[in-house]
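One structure follows; several queries about it will come next.
Letters A, B and C mark the chains in the order given here, with residues in each chain numbered from 1 onward.
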Amino acid sequence: MMSDISLKQIVESIIFVTDSPLTLDRLCSILEEFEREEIREAIASITADCRANGRGVELVLVAGGYQFRSRPELADYIRRLKRVKPARFSPSSLETLAIIAYRQPVTRAEIEYLRGVDSGGILKSLLDKKLIRIIGKKDIPGKPLIYGTTREFMETFSLKDLASLPTLREIEELADSGDDTDQVPLPLDGTDELF
Amino acid sequence: MMSDISLKQIVESIIFVTDSPLTLDRLCSILEEFEREEIREAIASITADCRANGRGVELVLVAGGYQFRSRPELADYIRRLKRVKPARFSPSSLETLAIIAYRQPVTRAEIEYLRGVDSGGILKSLLDKKLIRIIGKKDIPGKPLIYGTTREFMETFSLKDLASLPTLREIEELADSGDDTDQVPLPLDGTDELF
Amino acid sequence: MIPDPDQNPLFPNDDSTACLVSTEAFEGPLDLLLHLIKKNEVDIYNIPIAAISRQYLDYLDLMRELNLDVAGEFLVMASTLIQIKSQMLLPLSPDPETDDDQVQDPRAELVRRLLEYDRYREASALLAAREILDRDVFARKFLPPELDIEAPDDALPEIDLFELVDAFRRILAKAPKDSFHEVGSENISIADRIADILLYLEGKESVEFEELFIGTNTREFIVASFLAVLELCKLRMIKLSQFENYGSIFVRSAIIQEAA
């Protein structure tokens, strides 16, 4: 065992990075060079430290495993984080937005023809986000709605005008230029690093 | 303010549960009832505690924000846990990243002139990994795309900000060359591709 | 640098092709040249071009013998080297383009590129040595379940431009082939003009055709405006009318406005 690394630090960091409670069994199998009893002691010591030092998180046993959790008294503060979580964009919204950006003015039927699936729900959500707008209705039978992008769309992507959208050809050039993506040669024993 | 809850605990738990580095600005907006200076002090105190108490994690400043990260000495143990392969970078993607990081905003033609090889595939793969992004188009004939690094790049390489990239040695001036600075404009006319 | 005892200092003899170069893959011609310069311990500001070129070409031969593909970039560099070599044979004369007596060394640009390349290679080593996330250091990249909620519908998305274009590229790759035309920058500026024209027509009974061309009077603008009008006609979003031969053309919107 290395001199300035303690088992306690190892256990703490392993539990820290894991997204679900870690059982003692699993910890023991990962740290097979340590005794089960040592690992149990390390956990107890970390738990005690969190309390003694007035930490904002505690090590708790949930669902049979160990996990760091924020102290329940702090819940009110933690909840404030909710509001600032940025929206993630689903691949289908991205697809739909891309079609509208590049083919505007475009009707729902044209979008669905390109995507091959119903896109009503996604159009609704893009309208809610103010990334697209209804330009009007086409004066043909059925009077389909016509969609285009908004000023908010330009701001989101920091675009001066639609002409500053990269052209498809520019992206295709990247994709086509050889297969020399950075495929790393396979390491012989699967563990060694490149550098 | 509640009696047995300290700002330090609040700050620790908020940074702890967030999945990306938290800027001081955001912390201040979440905790608007506290002074910026108090919050700054809490961060400094947590940072010092992590060191003094021999913790397995440390509080670091990356990409302009604060994040808890495992200590580098513990990497061997944590890797045992992760089923995912550790981040790997081929020499060519590192070379390309370095050029983009130090010269941004930079065009593909400039990158290829500096590297001496076609770099389209690598650019595509770095874009896919979100380590670089398209900043816009250069206002020269042909309007080539210009590239820059992302927040993810700074997070990945543990950089506080772009200014903290390690300084490169100056190039000794050639005897017969003039008054160039080290950011020499490349002899490209902007339109022609090198390869 | 530690001299390699197997290698003679500087260049053994002119016809030697036995200059052993390791077969490790080089990143490119600049990488290979730097390797040769360092291996021979020559001054980068005073490269013996003849000798280095010979070794460079030997290496390319070796690659071919080993049935390795010699990328085009290596060949381009080979011809650059040969060109420099022949320029070196001529007496150095002052550059006729400039007034001063400065003599341009034919190697100057190559040297600059090599130095610059070496510098970025060093930079990439510095990057590689940093504490890399998910290799040396690890962070929590997940939110506790109680915070991991869908963002509200009107939240601003976090996407970048490349994702958007790449999504479009993927769609076109799998879309029916007859459904699209090349999207070039001219088409995009047409899209801009279409949006502008529709906005201009909004709430107006009709406008004169020429009015749509008022703006920056570049050729590009006029062409884009014209194509935009054609496209809008084709889409039946505008209607054109003319009341007398050679008279003014009037444009009106054929869009039924949505009640706001």
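For the reader, a short list of remarks on this structure follows.
Convention: a residue touches a chain if its C-beta (ideal position, glycine included) is under 8 Å from a C-beta of that chain, and two chains touch if they have at least 3 such contacts.
In this text, all values refer to a predicted model and were calculated from it rather than measured experimentally.
With every chain reduced to the mean of its CA atoms, the largest distance from chain C is reached by A. Chain B has its Cα centroid nearest to the centroid of all protein Cα atoms in the structure. Chain A and chain C have Cα centroids separated by 28 Å.
Averaged C-alpha coordinates give centres for chain A and chain B that are 18 Å from one another. Computed centre separation for the pair chain B/chain C is 22 angstrom, with centres defined by C-alpha atoms. The set of chain C residues that touch two or more partner chains comprises 125, 128, 135, 138-144, 147, 160-162, 165-166, 185.
Multi-chain contact residues, meaning those touching two or more other chains, occur in chain A at positions 13, 16-17, 70, 78, 81, 158, 166, 170, 175, 193-194. On the chain B side of its complex with chain C, the touching residues are 16-20, 60, 67-72, 75, 78, 82, 84, 86-89, 91-92, 94-95, 97-99, 101-102, 113-118, 127-128, 130, 133-134, 143, 150, 155-159, 165-166, 168-169, 171-172, 174-177, 184, 187, 195.
Those residues of chain C whose C-beta lies close enough to touch chain A in the complex are 125, 128-129, 135, 138-144, 146-147, 149, 151-172, 174-176, 179-180, 182-185, 188-189, 191-192, 194-195, 198, 235-237, 253-258.
The residues of chain C lying in touch with chain B in their complex are 27-31, 45, 71-73, 76-77, 102-105, 108-109, 111-113, 115-117, 119-128, 130-144, 147, 160-162, 165-166, 185. Chain A contributes residues 2, 4-6, 8-14, 16-18, 30-31, 49, 53-57, 68, 70-71, 73-74, 77-78, 80-81, 84, 158, 160, 164, 166, 170, 173-184, 193-194 to its touches with chain B in the complex.
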